[in-house]
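Got a structure here, written out as structure tokens. Questions coming.
When the chains are written out, they are named A, B and C in that same order, and each has its own residue count from 1.
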Amino acid sequence: MSPNQVVHSPLDQTPRARRTLRIIGIAAVVSTAFTVWLGLWVTPPDQVQGNLVRLVYIHPGVAWVALYLAFGLAAVSSLLYLWPRTRSLFWDRLAAAAVEVGVVFNACTLISGSIWGKPTWGVWWAWDARLTSTAVLLVLFLGYLALRRVPAEPDVRAKRSAFVALFASVDVPIVHFSVLWWKTLHQGATVLNPNLSPTIHGSMAWTLLLGFVALTLVFVWMLLVRYRIGALEDWLGRGELNVALLERQAEGGHLPVVASELVGAESVVEATPECEPEPVPEGVTR
Amino acid sequence: MWRDTVLVAGKDLRIEARSRVGMSQVAPFGVVALVLFAFALGPDRTTMAKGAPGLFWVAVLFCTVLAVQRSVSVESVDGARDGLRLSGLDPAGLFLGKAAAVAAQLVVLEVVLGVGVVLLFGAKVTVPWLIVVSSVLGTIGLAATGTLYGALSAGLRVRETLLPFLFLPIAAPVLLAGTRVWQAALVGGTPSDGSQWLRLLLVFDAIYVALGVVVYGPIQESA
Amino acid sequence: MALPNPSTPAVSFQNAVALSGRFPLLAGVDLEVAPGEAVLIEGPNGAGKTSLLRVCAGLVSLASGQVSVFGLDPAHQRNQVRRRIGMLSHASHLYDDLTVRENVRFGVRAAGAALDRVGPACDRLGLVGRLLRTPASKLSAGQRRRVALAILAARWPDLWLLDEPHAGLDASTRQTLDELVGEARASGVTVLLASHESEVVESLATRAVTVIGGRVTAERVLLGPQTRSGVGPSPLATPMLPTGVPGSLGVPATPVASGSSAASSAPKESAVHVA
């Protein structure tokens, strides 16, 4: 760590990073708009479900994002954080961002599914394997976020959250299978077909695919922004820490150590190549 | 590791024997819960008999939360948790010991609650061994996950409210499986279904006990 | 207990920085303690004395810099380090519902030590008769400290970390503590004492380092234990030297009148980096 090394903050933006985020954002908006237009106006209504079928362009998409993309990313990131060789607060921040965005998508999944279910099945909710495990997943996500709110040192909080994510990801398949058994052991209890998709072809199929792509782009954009907010918070915290170190040393009446040797400088510099600093979008406040 | 397990379990159980929190507070709470369930389900005995298995396990789950809270709070007085860390006890042994102590208390509670359910709710048991095995397996799973989450939330001031919220969703499969086994063991149930659910409980136990043995040490250090 | 290797420092800090959240407990500590030394760590409240001891015990991990205890890393080789050290801290780590005797026995067994010294240790610290059967919740603060000290004495680890050891103790217990520290030193145990009451504990150590603002700022040599006007260990006290400890560092394992022989030994050579 040479004294000449410049300490970057996540506020510094490489032009490439800024452009990438902007492109993703624009692509997300455009594809979503296109999906909406196609979904609401261009594609025909279904013979059986009528206009209600238009929810197929959203519901499986948000479900895919919430359950597999967000949650899978959170689980993998947490594991990578816990593994000593790859331990880095980058994974912790990524996991936290993924969970937070995932909660939103998860809630959308349940709400859109409910809206679709009421006219189709006659009930707002059904206790089948998929719905139940989605609901349990939401509760586990919320528990993760609640635990993160507890004030703690960054690495303590990271470790704790990572363990919760680990336990949760082990539990969800168990819940899924147990509810699946539960329902199949009682044949005849369900007339509800959890698979809501009607046979899809032609323009509907393309719109469905576009919907998936659009929602994935929205997720990625939100994830990157949320990550950057987390990185900025941590960076601010480290700045406070360096000030505190200087003050502490001054207690002893000694000259403070050169800035580059202070704790945190190293990890901030490390952070720059790992995670491209993204620009703070307008309207985002700390 | 096993020596430490026995030492820690013995210590926790001795404390319990002295303070009698489990007997004087947790068990009565369980019974009160059963009584409240009876009020909630109404006087119709067939409804109550049908609901008995599930309510038994819900009561057990709530009692587990209390037992785990107590297990954690034993160490939060006078910095005893630091003391445990300082002593160089094998963390795996510490985990197994504390979980074993919680499990022992739960078994006693389940006997009390089981008797209560049979008497108060009119459940008629035809295959008792299913009940016993499911209780043993379920207890192991609850004790292991409870101890894990207790350790995760040990140092937090908001532990009392956070622990139930974190722990109960994880315990949901035990509730589900345990209830199904009980239902299979009652009059009108199919016992063969029961053994399938027992297998689920076994898998659950194996996973979380193994996890606990491995991660309890790091959790303890970060709390 | 392993024979300490005289060339490996018992405790070694190199530019150690330890954090609690955003607050720096230690802001760059350099310190070396040779095996068998008794070092007094002095400084005002909040200077980082307790944190220094806690880092040795692996309770606090470093944000940067290095620390080693008997050549091991307290953060990564935790259990190996912890079985060889004993700490007397502000809290006594006792279980309220267990009796004094049960607490001592648990403390000793948890550390993997033998139970044979429990009896003599309790006797030495005046934990006898009905007191042994009293639950820890009924003890006064000073009595709790005595119990913690009894556990330490029964275990007799290689490194003693004493945080404000005299606080809350009455005069006779203080004297017993001083005697124990003297015997420990004589048997080759390394002792780190943290205290802001330097005058009281000076006689126990051979070297004093001053910690202010989380760094070691000064060091001085002390005269070491003095025989205090003819007062030696009381005739009833059994010396706490464990049988079978090899006379490490050539000090004969005989009951030591805390003072005479130790005072005459030269202050130990050690390298200290003063910031």
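Everything below uses one rule, namely that a contact is a pair of C-beta atoms (placed from the backbone, for glycine too) under 8 Å apart; a residue touches a chain by one contact, two chains touch by 3 or more.
What you see is a predicted model; the values in this text were computed from it and never measured.
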{"item": "Where chain A and chain B overlap in contact partners, by chain label", "value": "C"}
{"item": "Chain nearest the overall Cα centroid", "value": "B"}
{"item": "Euclidean distance of C-alpha centroids - chain A vs chain B, Å", "value": "33"}
{"item": "CA centroid of chain A to CA centroid of chain C, Å", "value": "49"}
{"item": "Centre-to-centre distance between chain C and chain B (centres being mean Cα positions), rounded to whole Å", "value": "41"}
{"item": "Residue ranges of chain B touching chain A (in the complex, touch as defined)", "value": "145, 148-149, 152-153, 156, 158, 162, 165-166, 169-170, 172-173, 176-177, 180, 193, 196-197, 200, 203-204, 207-208, 211, 215, 218-219, 222-223"}
{"item": "Of chain C, residues touching chain B in the complex", "value": "57-59, 61, 78-83, 85, 87, 89-98, 102, 106-107, 109-112, 135, 144"}
{"item": "Interface residues, chain A side, partner chain B - complex", "value": "82, 136, 139-140, 142-143, 146-147, 150, 155-156, 159-160, 163-164, 166-168, 170-171, 174-175, 177-179, 181-182, 185"}
{"item": "Parts of chain A lying in touch with chain C, wherever the complex brings them together", "value": "151-153, 237, 240-241, 244-245, 248-254, 257, 263, 266"}
{"item": "Residue ranges of chain B touching chain C (in the complex, touch as defined)", "value": "4, 7-8, 11, 14-15, 18-19, 74, 77-80, 82-90, 217, 221"}
